[in-house]
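Presented below are the structures under discussion, each in the form of structure tokens.
Shared chain: subunit A. Partners: subunit B in the first complex, subunit C in the second.
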Partner chain A sequence: MSPLLDVRDLRVEFATRHGTVTALDGVSLRLEPGETLGVVGESGCGKSITALAIMGLIPMPPGRIAGGSIRLDGEELIGAPERRLRQLRGRDIGMIFQEPMTSLNPVFRVGDQIAEAILLHQDVSRDEARRRALDLLRTVGVPDPGQRIDAYPHELSGGLRQRVMIAIAISCQPRLLIADEPTTALDVTVQAQIFDLIRDIQDRLGVAVILITHDMGAIAEMADRVAVMYAGRVVEEGPADAILDSPAHPYTRGLIGCIPAIDPALAALDRLPPLAEIPGVVPPLHLLGQGCAFADRCIEAVDICRKVAPPLTGRGHAVACHLHAAAAASEES
Partner chain B sequence: MSELSRSAPERAASPAAEAWRMFRRNRPAMLGTAIFLSMLGVVIYGSLFGGDPFEIVWAPQTPPGEDGFVFGTDYLGRSLATGLLVGGAPTMAVGAAAAVLSIFIGVTIGALAGYYGGWVDNLLMRITEFFQVLPALLFAMVLVTLFSPSLVTISTAIGVVMWPQTARLTRAEFLKIRELEYVTAARAIGAGNGRIMWRVILPNALPPLIVSATLTVGVAILFEAGLSFLGLGDPNTMSWGMMIGANREYILDAWWPVTFPGLAIFLTVFSVSLIGDGLNDAFNPKLRER
Partner chain C sequence: MPAPAGDSASAPPLLEVRNLSVSFPMSRGLFGPKRVLQAVRGISFTVGRGRTLGLVGESGSGKTTAAMAAIRLVTPSDGQVLLEGRDLMALDERAMRAERRHLAVIFQDPYSSLNPRNRVGAIVREPLDLMGIGSPGERESRVRELFRLVGLRPDQMALFPHQFSGGQRQRIAIARALATNPALIVCDEPVSALDVAIQAQILNLLRRLQDDLGLSYLFISHDLGVVQHVCHEVAVMYLGQVVEMAERRRLFSAPAHPYTRALLESAPSLDRRKSAGYRRKAAVKGDPPSPLAIPSGCAFAGRCPQAQPRCRTEEPEPTARDGHLVRCHFPVG
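Let's look at the complex of A and B:
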């Protein structure tokens, strides 16, 4: 089966006050139809830039695609004319944003905003678009859709707004849905509902999902495969189970260590293990040196880590780490 | 589950309806609206049934209230009542037309500059600054004297000198709004530049623009009066400004031929300002819930 989305060696640069920085440095991702790919990493590691690059929405300038390719169903998107990209956006690729509070236009009724998305891509009447908007509101589980279709965004809760955003994103039955931290701004209980909804939609429409998040719990729940990103690179990539069970990159291990494990028995004895944390923060991109970007925060780092950036190696479950490569080599010999 | 159990609201009020609700509760603004509508009524009535304001009907400089002339007569013996009735129409029409023109130019230029940024912004803003540094009244005078004064040329001249302010305001709003997430979201559903500018950003930029447009009408009326006062109005059309200008030399002998038209201009501009302030408050969400 040919992949639905094939991102290869994508490089994105931004002109900043500190000179040109590389926001994405050779990112490769593959996504089969109907599959869910989780993209994890801390803030500033390039997750959202990857999403925007796939949508063709990197602001240029200051951004620039310095190399690589993005193929949707075999069609090259980098360098494709804006007209073509406009057709694909919304119709073949839907996107959900992080902040449901600000991603809906405040001056229009939500029903009109959904209808707008339909009218942009399909040759239907206004009435028909409104009827479909109503159906979509029902699909995404908005209660009382007949009333809510005429509501303004500020009259809806965060969860309902995110449902409306999802309705807009799936209004033209896209093949790919990009969800950029869709639950970060929501209450925990609502987060679970939104994830359920996304999974439900995925089952019904067979849409492939790129789920961008920094929440390993969400990955465990949703993703088939995972790409862990750090400072503009994919540092570990593979099936979700494999990565969650045996994370190979120290950064991935750190991320997983940050999930609080709630064991009722231990909690009752007040002996929960302390939460792990990764010391330090993602380095500013303009300060990235030669070696592995994670070396300064890595407790296991050795000399070579500070000198040479490790390549992403391995089939199936790929890792970019010298230590892992060394361990794998010694195992084989 | 709280979001599911909440009862559905009534059909929601549109932002415009909400603003109107706020506006109605604002007394100065409603007073301004009342004054403006009465002035407008008088002016419309006057331009239909006012008679000939240039006709000499009685002895010159008859004081107000004498011989049946409520506002008296001017230095030539023309009825001031007729002049006031008829002279409002060109003032208001020119004010409105000039405001519409300046808003059209200003919004277009400001929107393009703010949306596209870069060299487009640079070029358009330099042009805007060029117009901004010209002394407005002087520039309008030059334009009017170059092309013989008529309602059209006067409106155009005033419109052309007033647009830079609107352009700057529009640009600022566009610069601010284009960074917001719902603009990215609109792009993500495949909206093009034109749609994003006029259907996504502009509606969100409207409140300050409407306020500014209202105040622009007031300023345009003052401009028209100023040009007429200087004798650069259309000589065949009676206007409030022209009445003041024609009678200014005799102000020490007769106060009324300059005072009444002046009051008319003052009331009109004042009422427009009250409306503008009221709109400003009505569109300010921070004042909504009081």
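Let's look at the complex of A and C:
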């Protein structure tokens, strides 16, 4: 099966006052139809830039795609004319962002905004578009859709606004849905509702999802595969279970270890042990050196880590770590 | 509440809040009817010496307002607050200022809570300046000591807030909160804006400071995992009321209120796997009601999976058994 999305060696640079920085350094991702890829990592590691690059929305300048390829169903998107990209966005690729208030237009009624998205990509009448907008509001579980269709965004709660965003995103039955922190601004009970809705839509439309999140719990329940990013690189990639149960990269291990999990075993303890820590902070892009970007914070780092950036190696479950590569090599021999 | 460890039987608890209510008058245009927003509705709790009471609940449930009213930064419309037995509401401005040195606050947003134009050394020193504590030389050495205490270097005192990362800024905010050697620190979502790796560092720091200095925390969070890791007692708020309150182990192992149970079910967890067929069912539907139009009966009835007709008409009274308080007609267990 050829992948729905095939990102290879993607490199994105930004011109900054510190000179040119590399925000994405050789990012590769694959996504099969209907599959969910979770993308995790600390703030600034390049999750959103990856999403923007796929949608052809990197601001240029200051940004620049300095290399690599992005194929959707075999079609190369890098260098594709803006007209073609606009056609793909909203029709083949739907998007949901963290704060729906900034992506919805505050001065238009939500029904009109959904209808507009439909009219942009489909040859239907205004009445038909409105009828479909109503259906979509019902599909995404907005109560009283007949009334809510004429509401302005600020008249809706955060959860309802996110449902409207999802209605727009799926209005043209996309093959790929990119959700960038879709529930970060929402309360957990509403978060659960939105995840439930995304799974539901996936079952019905067979859409593939890229779920960007910093929440490993969301990864566990939503993702088939996971890409862990650090400082503009994918440092580990593989099936969700493999990543969660046997993380190989010291960064992934650290990330999972420092989560204050709600664990029934802990509920019985008189005093909880301190959380595991990853020392230090993510280095700013302009201070990235030659070696592994994580070396400064890595308790396992050896000499070579500070000199050479480790490549992402391994099939199925891939890891970018010298120690892991050495261990895998000795296992093979 | 069981008498918290460390308090002798006769000594009053560090902080005792009785029947606290806060409402905000809302203007509804020139001629509209006068409305009142009931943010906090008759809540009671105690914080023992060296203990942490967690306040959890969804956005708008009144956590911040309750905590701010408890230290008289917001004026309550009703109720009593006793700090070591002293009635804070009865104090005049001058006497209240003298009590301020025992109280401190750490806010969520380490970006906006520090004045960007001041050097961080001066920011940490400011409470000492304002309250005229110590000579200039003593203040300076106290600030140095505080920087070390929170894991910063004294040579960083001359820098400005923007030269620090989010986690470091939160350390600065903690150092500032500690300056006057307070007994109680209100921590309002102190790690919500931080990446999980940095969050773990700050949570461990707060716990270590508590052990070393005997601090008490009133700890606000919407993240139950975080709450489980730092709190001794937990109060769950819904629409301005405490609907359940218990010792941490009790609350997490035997939650009795349907809302607490929904929160726990909705919380993400690494063990709930998509690969194992897990599907997070939205435990409750819809959004919380508006505090401008408090429903009659139980405030949670509209969303409660267990609601009976009685719940919609009759407001449940809080009942306590073995220090476990629940406000529900049909508690579980």
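As a convention for this text, the second predicted complex is superposed on the first by the 326 of 333 C-alpha atoms of A that agree within 3 Å, B and C clash if a C-alpha of one lies under 4 Å from a C-alpha of the other, contacts with A are read in each partner's own complex, and residues count from 1 in each chain.
Going forward, a contact is a pair of C-beta atoms (placed from the backbone, for glycine too) under 8 Å apart; a residue touches a chain by one contact, two chains touch by 3 or more.
Just so we're clear, the structure is a prediction, and the values are computed from it rather than from any experiment.
**Q** Classify the contacts of A:Glu277 with the two partner chains as first (subunit B alone), second (subunit C alone), both, or neither.
**A** second
**Q** A:Arg199 in the overlay: touching subunit B, subunit C, both, or neither? Say first, second, both or neither.
**A** After superposition on chain A, A:Arg199 lies in contact with subunit C alone.
**Q** Should A:Gln191 be classified as contacting the first partner (subunit B), the second (subunit C), both, or neither?
**A** second
**Q** Is A:Pro143 touching the first partner subunit B, the second partner subunit C, both, or neither of them?
**A** In the superposition, A:Pro143 touches subunit B and subunit C alike.
**Q** If we overlay the two complexes on their shared chain A, which of subunit B and subunit C does A:Tyr230 touch? Say first, second, both or neither.
**A** Neither: A:Tyr230 stays clear of subunit B and subunit C.
**Q** Could you tell me if A:Phe14 is touching subunit B, subunit C, both of them or neither one (first, second, both, neither)?
**A** neither
**Q** Between subunit B (first) and subunit C (second), which does A:Gly159 come into contact with in this model arrangement: first, second, both, or neither?
**A** A:Gly159 contacts both subunit B and subunit C.
**Q** Once chain A of both complexes is superposed, is A:Ser103 in touch with subunit B (first), subunit C (second), both, or neither?
**A** So A:Ser103 only meets subunit B here.
**Q** Using the touch definition from the top, say if A:Phe294 reaches subunit B (first), subunit C (second), both or neither.
**A** neither
**Q** Following superposition on chain A, which residues of subunit A contact subunit B and also contact subunit C?
**A** 143, 157, 159-160, 189-190
**Q** Please output the residues of subunit B touching subunit A within their complex, sorted ascending.
**A** Contact set of subunit B toward subunit A: 1-4, 6-9, 11-12, 14-15, 118, 180-182, 184-192, 200, 203-204.
**Q** Can you name the residues of subunit C that touch subunit A in the complex?
**A** Residue positions touching the partner: 58-59, 165-168, 195-201, 203-204, 207-208, 222-226, 228-229, 248-249, 252-253, 262-275, 278-287, 303.
**Q** What residues of subunit A sit close enough to touch subunit B in their complex?
**A** On the subunit A side, the touching residues are 55, 57, 61, 82, 86-91, 94-95, 97-99, 102-109, 116-117, 120-121, 141, 143-144, 147-148, 150-152, 155, 157, 159-160, 165, 168-169, 171, 189-190.
**Q** Please name which positions on subunit A make contact with subunit C in the complex.
**A** 36, 42-43, 143, 157-160, 187-193, 195-196, 199, 214-218, 220-224, 239-241, 244, 254-256, 258-262, 264, 266-270, 272, 274-279, 281
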